[in-house]
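Here the chain labels run A, B, C and D in written order, and each chain numbers its own residues starting at 1.
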Amino acid sequence: MLNRLVRWSRIKSPWILHLNSGACNACDIEIVAALTPRFDVERFGVLLKATPRHADVIIATGPVTRQIKDRIIRIYDQTPDPKFVIAVGACAMSGCVYRGAYNIMGGIDQVIPVNVYVPGCPARPDAILDGVVKLLGKL
Amino acid sequence: MAVLKDLLYLIVYPGIIFLFVYSTFCEWFDRKVYARLQNRMGPTHTGRWGILQPVADFFKLMAKEDIVPDKADKTLFNLLPIFGLAIVATAGLLLPLWHYNPAKAGFNSFTGDVIVVLYLLSLPTLIFFLAGWSSTNLFSTIGGTRVLTMLFGYEVPLFMAVLSPAILANSWRLVEIAAFYQKKPLLILPNLLGLVIAIICVQAKLERTPFDIPHAETEIVGGTFTEYSGKKLAFFRLMTDIEMVVSSGLVAAVFLGGFPGGLWLGLLNFVVKTLIVIFFLSLIRALTSRIRVDQVVSFAWKYLAPLAVLQLLIVILIKGLLL
Amino acid sequence: MNDLEIIEKTKSLLGDKIVEIANPAVRRIFIKVEPQNLVPVVGGLKKNLNFTYLAAVSGVDLGESFEILYHFGHNNGSLTVRTQIPRANPHIESICSVIPGAILYERELQDMFGIVVDHLPDPRPLVLPDGWPAGDFPLRKDWKFERPEEIIPGGKK
Amino acid sequence: MKFTIPIGPQHPALKEPISLRMTVEGEVIQDADIRLGYNHRGLEKLAEERTWIQNIYLTERICGICSHSHATCYVQGVEKLMELNPPKRGLYIRTLVAELERIHSHLLWLGVAGHEAGFDSFFMYTWRDREVVMDLLEMISGNRVHYAINAIGGVRRDIDEMQRKKILDGLEILKTRTEYYFKIGANEPTFVGRLAGVGYLSKEKAVDLCAVGPMARASDLPQDVRKDDPYAVYDEVPFDVCTADTCDVLGRTVVRIKELFESYKICEFLMKNLPPGDIAVKAPTRAKPNEVVSRYEAPRGENTHYIKSNGTNKPERLKVRAPTLANYPATVEMLKNGFIADIPLIFAAIDPCICCAERTVNIVNARTGEEKILRFDELRALAEERFKKMPPKRNAVWPF
């Protein structure tokens, strides 16, 4: 019974943290666009939170640069369990056009475990929403 | 029998269970109004019209990992949320709801309970400050200082604004003030200025836009709550919600004539009147932008405090000349 | 002021310090100077011809030498001052004394090419990420980067 | 009593990673230090390994907000190197996309400014209307953000009659909405009070520190590449350079709102005078050894690309200078003596596009000052001291 309550509340209230690891801004503005009236993720209980301590889902964009690698790991550690990571956009998945550049480590999954990948360059807000919903379905 | 009644009062209505249910409802109402004013839908998929959204948030946070920073003062860090919750819930008990007898004083209604409620409602501010300070995060610390700085601004106008209806009613007891205005509803009108001041001050007390400076997201991340997670954050959120209910209940009791009509009608009165106040709070939140902490203080002392004094003068004149 | 007037004025004012003036396209002027004349030329351009806005500083690896280009913007087009320094002794004088806004570009230059900019007001090493190996300058032509093997989570080993 | 607060690399005011370290005394900033490098991807090195055509898509991904700017700047340079003359219709469409992008970027900025000032309703409203221009861009190019409309020698997609009508309709909607925002901005005292007097940058400093774009224009420097060095079809289009003389965040807001109106005008002109004909010419795969400086007025200021070719199908050198980088020295100047509460506003006012600025550049911070744990009495003293300080400007009015 309690488990069911907790599971229900987790599905209904995913709070997201937006983590930019060196993206080109395109995915970022699409994530922000997902909060705005046309897409309005708050319908599903999603709130954009400022600090990793409050977040459940980390939405990561962009390829991982060498400089930010440690910070990403730190932010991941700061997030309380249970936590999930969604990699949004081609860069966060593999590095996209920047694959092979000297300052790029590759996709987010080279640094922290990823639960859901959302492809696209950039991913549309609808796709990002779909990714969040798919993640919740996996719970 | 009286003990049973008091227990019922403490636990069910208007004690902790009622406060929990009603404050989550108020948070939903606030979020929904806020979202509608922004052309959005607000929560829709949790329960009917998303009404269970704050409940889901609460239980999710309760089930999350609880992190205490190494550097933080552990005792304070752990105890503060519970203290805060207890304080605002106690304040909630003093609201003049159903089993009051203006003629007889009890543990929850006595001469001077207005002052006690006001005092209990100031304590959360200190709790916020201590919370920010004890977590030793720089952002929290800045948030804590801002909490205190703001306290200097809004507290005095709020006290003065609440004072004027009390002077007019010639009582320091919530139930008597409410009864006075129920008898003479026209006398609510001279207090309108005080009502506006009180709503603005309550907005500042609740740290909502334009006064959400202590946890201004874009400046100092989560402000006082930056380091709080899991259960403690859930308690703090609940505490803020209950504080919202209690302070709007206080405003409604003092300025809008209380909640007459016994158990059911009284409840209806309570819900309608607090929701009106909360609606105005949401309206202010949606229609203004955040101001700086120095602007808050100068605004409070240059406009709110003189206006509150003016309100006092009006009330004293009316009392001297007409009553 | 059109291109011809700018060229005329530059020639008459700074003619002794300039090696070459080219005007390959409309509103594009390229001036070549010796490295030691760089600061006076930039100063003269700023003072007399109102080239106050430095758009960028580019470096190019030419093999034996480095070429440094200072792109200036103007209400009437763009002017580029170019100079070459030998690869063996890559030193150049900072123009921050004339144009304070140049600092970022010159620090970038230090970082990417290993060119030493003398008299920079803020000469902190402008290395890429923390812990970037010293002596690696990514934009030099002889610097190659090999992408390390990636681990694919859940993929074949 | 001083202490240092770190802002970033992960901070809600910054949607992108950058690290600012502020030395503050009370709420007043004494010194600021910027550390870039979190977003450095090494694009200039990559560009040397790719062909001319591949590089269009690479430069497009320098930045998501001004993707068309970098791609156009690059393509214009390459067209000069290859001695191509793109047909008029192609240039018109390219300019149209550029102006629509400016509209989208400025609306986005307005929303972000509202958000940073804690005015979330304003943010929601501007972003709702931004979807109109996003739809237009999607209709023209097929994508919401990276338009990929540029090709060397022209554009890739044509506009038909129906699309032309839709664009004109969309512009009508946007125009009325922008006028409405103008009114909101002027009539919301908390908003104006929050913006006025913040982030002062004098004209002399703006010249010295080479500020560009709306930053320079708000400091009364009429500097606009579209007028100074017309590219594409800007020499045929009537428009004005918008300036303000208040030198603060309010001025920058006003400049951007004015530019929105100019952009609507330009788009309307382009749509009403769209010439018939081809949209592109065929481009060779190689360019003769040469060099070119290409300038472009992006929404944030001037883009400068320096392209050098060596006769092969790859560039010898591609130097990208994004407007945000040019504005950093000025930003540090503006942050000094501001309030903590103003950091996001000042920083947002340059419309930072860190990803643009950071392909290659690093500013190393001096990790000065230890992070102290504050004592209770110190804090109280701080709070009291702060309480005595006066706000810098009151009774601000909208400058129209």
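As a convention for this text, a residue touches a chain if its C-beta (ideal position, glycine included) is under 8 Å from a C-beta of that chain, and two chains touch if they have at least 3 such contacts.
Just so we're clear, the structure is a prediction, and the values are computed from it rather than from any experiment.
Between subunit A and subunit D, the least number of touch steps comes to 1. For the pair subunit A and subunit C, the distance between C-alpha centroids works out to 39 Å. Computed from the mean C-alpha positions, the centre of subunit B lies at a distance of 61 Å from the centre of subunit C. If you average the CA atoms of subunit C and of subunit D, the two centres end up 24 Å from each other.
Residue positions 38-40, 217-218, 221 of subunit B each touch two or more of the other chains. The multi-chain contact residues of subunit D, meaning those touching 2 or more other chains, are 11-12, 37, 40, 42, 45, 124, 128. Across the assembly, subunit A contributes 36-37, 50, 65, 67, 100-103 as residues in contact with two or more other chains.
Taken pairwise by the contact criterion, the protein chains fit none of the simple patterns, being neither a path, a ring, a star nor fully connected. Residues of subunit D that touch subunit B in their complex: 3, 5-6, 11-13, 27, 114-122, 124-125, 128, 188, 190-191, 193-194, 339-344, 371, 373-374, 376, 379-380, 382-383, 386-387, 389-391, 394. For subunit A in complex with subunit D, the touching residues are 18-30, 32-33, 36-38, 50, 52, 62-63, 65, 67-68, 71, 75, 96-98, 100-104, 121-122, 124. Residues 24-25, 27-28, 52-56, 58-61, 69, 71, 73-78, 80, 99-105, 107-108, 111-112, 124-129, 138-139, 145 of subunit C touch subunit D in their complex.
By the touch rule above, subunit B contacts subunit A in their complex via residues 31, 35, 38-46, 50, 52-53, 55-60, 63-67, 217-218, 221-222, 225-230, 233. Subunit A makes touch with subunit C in their complex at residues 65-67, 99-103, 106, 109-110, 113-114.
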